[in-house]
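Please find the structures below.
Common to both upcoming complexes is subunit A, partnered first by subunit B, then by subunit C.
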Partner chain A sequence: MEWIESIKKVVGSEHVRTSSAHLLTYSYDATAGFQAMPDAVVSPGSTEDIRQIMEICRDHQVPLVPRGSGTNLAAGTAPTSGGVVLLFNRMNQILELDEDNLCIRVQPGVLTLDLCNFVEERGLFYPPDPSSMKISTIGGNVSENSGGLRGLKYGVTKDYVLGLTAVLPNGQVIKTGGKLAKDVAGYDLKALLVGAEGTLGVVTEILLKLIPKPEHQRTGIAYFQSLEESAATVSEIISERIIPATLEFMDRGTMDAVERFMNLGLPKDAEAMLLIEQDGEAGQVERDLAAMIDISVRNGAVITAVAETEEEAGQLKAGRRAALSALARKRPTTILEDATVPRSEIANMVRKIREIAERNQVEIHTFGHAGDGNLHPTCLTDIRNGEEMVRVERAFAEIFEAAIDLGGTITGEHGVGEMKSPYLQWKIGDEGIDLMKTIKQAIDPLNICNPGKMFAKANKPRVVVAHG
Partner chain B sequence: MEWIESIKKVVGSEHVRTSSAHLLTYSYDATAGFQAMPDAVVSPGSTEDIRQIMEICRDHQVPLVPRGSGTNLAAGTAPTSGGVVLLFNRMNQILELDEDNLCIRVQPGVLTLDLCNFVEERGLFYPPDPSSMKISTIGGNVSENSGGLRGLKYGVTKDYVLGLTAVLPNGQVIKTGGKLAKDVAGYDLKALLVGAEGTLGVVTEILLKLIPKPEHQRTGIAYFQSLEESAATVSEIISERIIPATLEFMDRGTMDAVERFMNLGLPKDAEAMLLIEQDGEAGQVERDLAAMIDISVRNGAVITAVAETEEEAGQLKAGRRAALSALARKRPTTILEDATVPRSEIANMVRKIREIAERNQVEIHTFGHAGDGNLHPTCLTDIRNGEEMVRVERAFAEIFEAAIDLGGTITGEHGVGEMKSPYLQWKIGDEGIDLMKTIKQAIDPLNICNPGKMFAKANKPRVVVAHG
Partner chain C sequence: MVSALQEKMKESFVEHVSEELLTDCMRCGFCLPACPTYLMTGQDEAHSPRGRISLMKALRDGQVLWDGSIEDSLDVCLGCRACEPACPAGVQYGTLLEEARHAVLDAKQPGLKEKAVRKIVFDGLFADQKKMKRTVGLIRIYQATGIQKVARASGMMRLLPKQMSEMERVLPQIRRKVRPAKPTQTYKVAFFTGCLMDTMFQETNSRTIELLEMAGYEVDIPANQQCCGALHGHSGEVPKAKKNAEKNILAFNHQDYDFIVQNAGGCGAFLSEYGKLLDTDEARTFSGKIVDISTLLMKAGFDRQLQAISKEAQSVVTYQDSCHLRNVNGVWEAPRTLIGSASGFTYIEMPNAAGCCGSAGIYNLLQPEMSAKILAEKMKGVKQVGPSVIVTSNPGCLLQMKVGIEREGLSGQIEAVHIVDFLYESMKNN
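Presenting the complex of A and B:
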């Protein structure tokens, strides 16, 4: 194809892969059920490379799909319309650490964990910690506005993006923001690009805000015999004006799977677990953790523990960390969702998820970030079983419906991608979809940038759920 | 006019003012030199009222200028194209405080200080504190993405907006966001509306994030004999990983004006003053304040003081609070700017401002938020003196140029409005302007929403400054 030859001239033919093996490798991401072969896999070396690639793609109306490490859970990086998969393996450098202005300038291909380790060694802290951070890239985090365990206290990726360089669909390169805590010169263009999932352009350089590293951290755990007790604990912690660094939740089904997988000795009769962490000034951390354990006990926690050493903290965290791997062992296909509700509705939401799973006869267990209402109902199924998949899809539609009924959203941190695009209208309404389309069509009139993502061919009809 | 009659039918004729006295009252805002008579001043009572007003304005191509308390310093709320000035005096209610989810839902006309007091009485905290907060409205703060003294530690208005209801130019009402710490369902439309200065629609309801109120606060002050010493102190505070709640700066000219105005006994030979505050956990606050005073002394502070009581803290703060009023007494016209630079460039910027003032023979003194590099060079002049105003305008152009040369921006927290629109291209480039125009034209093709703001008829040519 002529355009592939043009791209080879830009980046060098060694950085354009078109073998079946390569195309297959990049034909999917971490989402089950979405796969399509791209036409080429390209590794640019610079913003200028990407600018030229964008112009070639535009001239030939070839889809351009930026991809970090492919950990996307909503088919946001699956090349479902073919075209170019754009990799950042050659653009993975930390360009500048500015300790005076507490910021760091990086290329999109830097791994999240590498960035975190780099700054923590210097007494600084980059808080967003998506569960995939060991392999995810900062570029992917920015495109998806990734969250993580520390979201309640520290916010999400968008709260740390000070500036972006991006290549727009018209071939222009924009530089937004700067090393500035305050900047109101024009529309917040970087906020529009963060979380746009590559549909409005390609982010090619990122300036991130850093904060001082908290000096102290403590971890505790509490097990409850009912969902209500764990949810009441979460509410009371917040109403006591404590904002913990993390407040993680697992339900009984998740704990059972973890226990079978890891033999940690988790209590067999507990219905819910809260993993509690605080960081900051030492005295405050001690007081907060003690207060949170007290609140847990007052609300009926049957077992509580506080880690005295880092090793013990690691043991307490091991179960929560293993949740997804443990669940994934049970059935051939794992579908991890992230319906999110206001914090006050967690118990209601977990109960509704259970009812929905039972009614549809599918296996769903729930864990997630209780402090910010970001739950991960996880379905264990088999994508080869068409009849079961119909029930799975219906169950998730009902879960999205329930989340929205409770004032929540269809996705807290995973993104819309192609998978959840048919449900987006449920959250943002026809007016929101219209406004998004107006923006998309104005900026990317040829629909070159990650086509098929966010914007659905057709919205799903709202499901009618018998409310219990 | 027919359209005025139509609007009267929507809101009731008692809420549509067209007398000369009313039109004159709303013909300007807090910006010198921008005045034009609107055709009507309208006080809607609801989102639905505003939706109908928007449709009438669109059908008759009448400009619609939303206005809070008119404290805008960049002519952002001056009705320079005539049309409707939209007031929020009837939409000034706190609608809901949700303590479980730490958020508050308000109408745009609520005064910032009223909101702050309301939540602080309940142990909660809304940090953005623009200097005009006693009279500014939350709606104005959202439209301008207002900053304040606590910006470095706590961020600015956009960091607290969880959701918005807005009427778009096409007459649609959108509801974005929710009581959610995490939500990535679609483009961040609320981030686009925050700081859009009313050019993309009218915000009609606001959901704001709250945080627990810091339990303790301490105030200190330090005077220096050179700019460099004060700037080195700011740098060292940050490099010691301390993030103070406020870190305010005044130069000698500002202190002189304050002293003449208030007789506070400020030292006569000091070149710079830093007002230092920390809040949070009591022990940490004491340690941070002591450390910051130590750093000040090490860097040459000739006088330092720490307030032992709230009354003493009030005395230390009195000078900084009076800065603008004190300066404003000196000459008939006060022009308050807010060029902003990376924190590490504060001393360079203050020095450049001095050189520029001297070269252009105008009187400019500087105070501002040292912690976040947000400076307020304030020009004392007389708008009736055309010859002097030419020099004033040239001086400010050179100041914007200098800020951008140092990696800064033309406005940190005041907005672009009409006054600074000719300079916006300097910061965001032709590419940024093009992208903003693409968005504006797509959303507001008839240019009904606050026309003439942000988008300049012509860009100013860059000034060539002899760099010292």
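Presenting the complex of A and C:
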């Protein structure tokens, strides 16, 4: 193919992979059921490389799919239309730490955990911590607007992006934002590119805001005999005006899977657990944690405990981060969603998920960021069983429906990708879809930037579920 | 066009590689940061556990056809299994790799170079303990079996001269046969001598027995024991591995052994998986008794015996994990506690001590380039710590660390020793 030769001239042939092993191993991400072979896997070394690759793709109408570490959960990085998978393994440098302006300039390929460690060693803090942070890249986090365990108190990736450099589909390079606390010069293009899932161009450099590292941190856990008690605890914590750094929820099935992986000593007879963390000034942290433990007990917690050491706290958090993958050990296929509701509706949502699972006779376990209403109902199934998959799809449609009815959304932090694109209309309506498509059309008229994502060929008809 | 080999390969993967084990992987990518070859190749997914599993599945499902690039992906895997403890879904990567290599071997004749190495190693050396005992040093083995000619003809010597001559330099002197153990008390343990340990590291084996006796164990050395079969299993020679496993189970079939102890991490891991390999009650009972020397010494409180000797710390000691001891058997604390209890040294953990050193069975002979890269990275970590002694728990790692020391020109400054020798010297120097 002529265009592959052209790309080789730009980046060097050693950075263009077309072997069957490479095409196959870049044909997927972490989403079950979406897989397609790209035509080439390319590792550019600079923004200029990417600009030239973009021009070649545009001239030959070749799809361009940027990919970090391929941990996407909505098929956002599966090259389902073929084309080029664009890697950032050569663009993985921390370029500048500006301690006067409390910000850091990085290339997209830097791993999230490496960035966190780098700044924490210097007394600074980068809060967004998606569960895959050990291997996820900052570029992927920005393109997906990733959340994490600390979202409740500290917000998500978009709250930390100060500036971006991006290559647009027309081959132009834009720089937006800067080391500025305030900047209202025109449309907020940076906000548009964050979470655009690579559909509006390729982010090639990122300026991130940092904050001082909290001086103190404590982690506690509470176990409950019912999901409702744990959900009520969450609501009361928030209504008591406590904003913890982390307020995570796991149901019994999730705890069981995590226990089998980590041997943390989680009790076998509890129906739900909350992982609670507070950080900040030492006295305040201790008071908040004590208050949250009190609220847990008042709402029926049977066991509560406070992690004695940082290591113990770290283990508990690692267990929660591993929840999704740990659940995968139970059945051949694991499909998860991240329906999100206003935090006051968390108990309702948890109950509805359970009803939906029962009604459709599917196995769903739920964990998630209870404090910010972002739940991860995870269905354990077998993709080879067509009949069961129909029920699974119906259950998820009902979950989306329920979330939207409660004032929620179809995705809190995983993105739309291809997987949830048929449901986007449910959340934003025809008007929303029209506006988003107009934006996409204006910026990427040839539809070469991650095609097939965000917008579905056809919207799903909304299911009518008998509520009751 | 689908070639006959490609067709055969697909069938072989269907036959040998378990679909159930493949579907355990949900492709979350949590294994990636644990994989040495993924990191060493600049994050190449084709050289990652998730990538290799997806390739195995795609071959099986007919999504891709066998070719050199896929072969390369499977060959470059160290088999260190660092991905397993990192995997929340509990994917049995080691088993999948063995199954895949078995499938490949079944469908395809190995190349001349690989065949040469396989012949000496599997059919000659490791299949027969007696044959192994007659041979002296790895280089001479190559000469003695007439393999040198084959190797030369195949260009193997051109490919490997550096590794070979380095190996020769670091090979230990062979000592007398292990003397029979004298019975003492408490637990009765059977000692699995290991073929490499029993030939090239005989002194370490006699000291293993002495240490166990100092710790109060009664040690027995069952006759007729064989090579554990790990090297066979890891290279796809599953039927040969099973044969060795059956012979060993027979050799150790005594009710009154409380434990079967070994001092080689690689063997220990494989022995502990006989149950999985053969799927019989006898095999499971056997595997349930397998324990490594460090864990057994800790069980007897040997760290206190070491601590009882007081001597001022004069130099730094560090530890290189045996991948299989750590990743398969979950043992990393015991050796560190023991080493840390030895007087005269300060223990300092080296960066990435848990990462593979690149020895990986016969990997350093088959994939010299990647092995050298991994070792060079390892030695950077060693230099940061500046130890006078690097302790290991497996003969392959021990030789590899010796090669590393040699390559870095650190011979008079750093010594690589087996944990048994290190502990023995600590006791003796009292």
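One rule holds in what follows: the second predicted complex is superposed on the first by the 446 of 468 C-alpha atoms of A that agree within 3 Å, B and C clash if a C-alpha of one lies under 4 Å from a C-alpha of the other, contacts with A are read in each partner's own complex, and residues count from 1 in each chain.
Following the convention adopted for this analysis, a residue touches a chain if its C-beta (ideal position, glycine included) is under 8 Å from a C-beta of that chain, and two chains touch if they have at least 3 such contacts.
Keep in mind that what you see is a predicted model, and the values were worked out from it rather than measured.
Of the two partner chains, neither subunit B nor subunit C is touched by A:95.
In the superposition on chain A, A:328 makes contact with subunit C only, not with subunit B.
When both complexes are overlaid on chain A, the residue A:25 reaches subunit C alone and has no touch with subunit B.
Of the two partner chains placed by superposition, only subunit C is touched by A:260; subunit B is not. By the document's definition of touching, of the two partners only subunit C reaches A:70; subunit B does not. Number of subunit A residues touched is higher for B, counting subunit B against subunit C.
Once the two complexes are overlaid on the shared chain, A:132 sits against subunit C while remaining clear of subunit B.
In the superposition on chain A, A:390 makes contact with neither subunit B nor subunit C.
The residues of subunit A lying in touch with subunit C in their complex are 17, 19-30, 32, 43, 69-71, 87, 89-90, 111, 132, 134-135, 257-258, 260-261, 322-329, 332-334, 382. Residue ranges of subunit B in contact with subunit A, taken from their complex: 98-102, 123-124, 144-145, 147, 151-152, 155-156, 158-159, 168, 170, 172-176, 178-189, 191-192, 194-196, 200, 211-213, 235, 238-239, 241-243, 280-281, 283-284, 340-344, 369, 371-374, 407-416, 420, 424, 427-429, 431-436, 438-439, 441-443, 454.
Residue ranges on subunit C touching subunit A, taken from their complex, read 20, 23-30, 32-33, 42-46, 48, 50-51, 54-55, 58, 63-65, 67-70, 72-73, 87-90.
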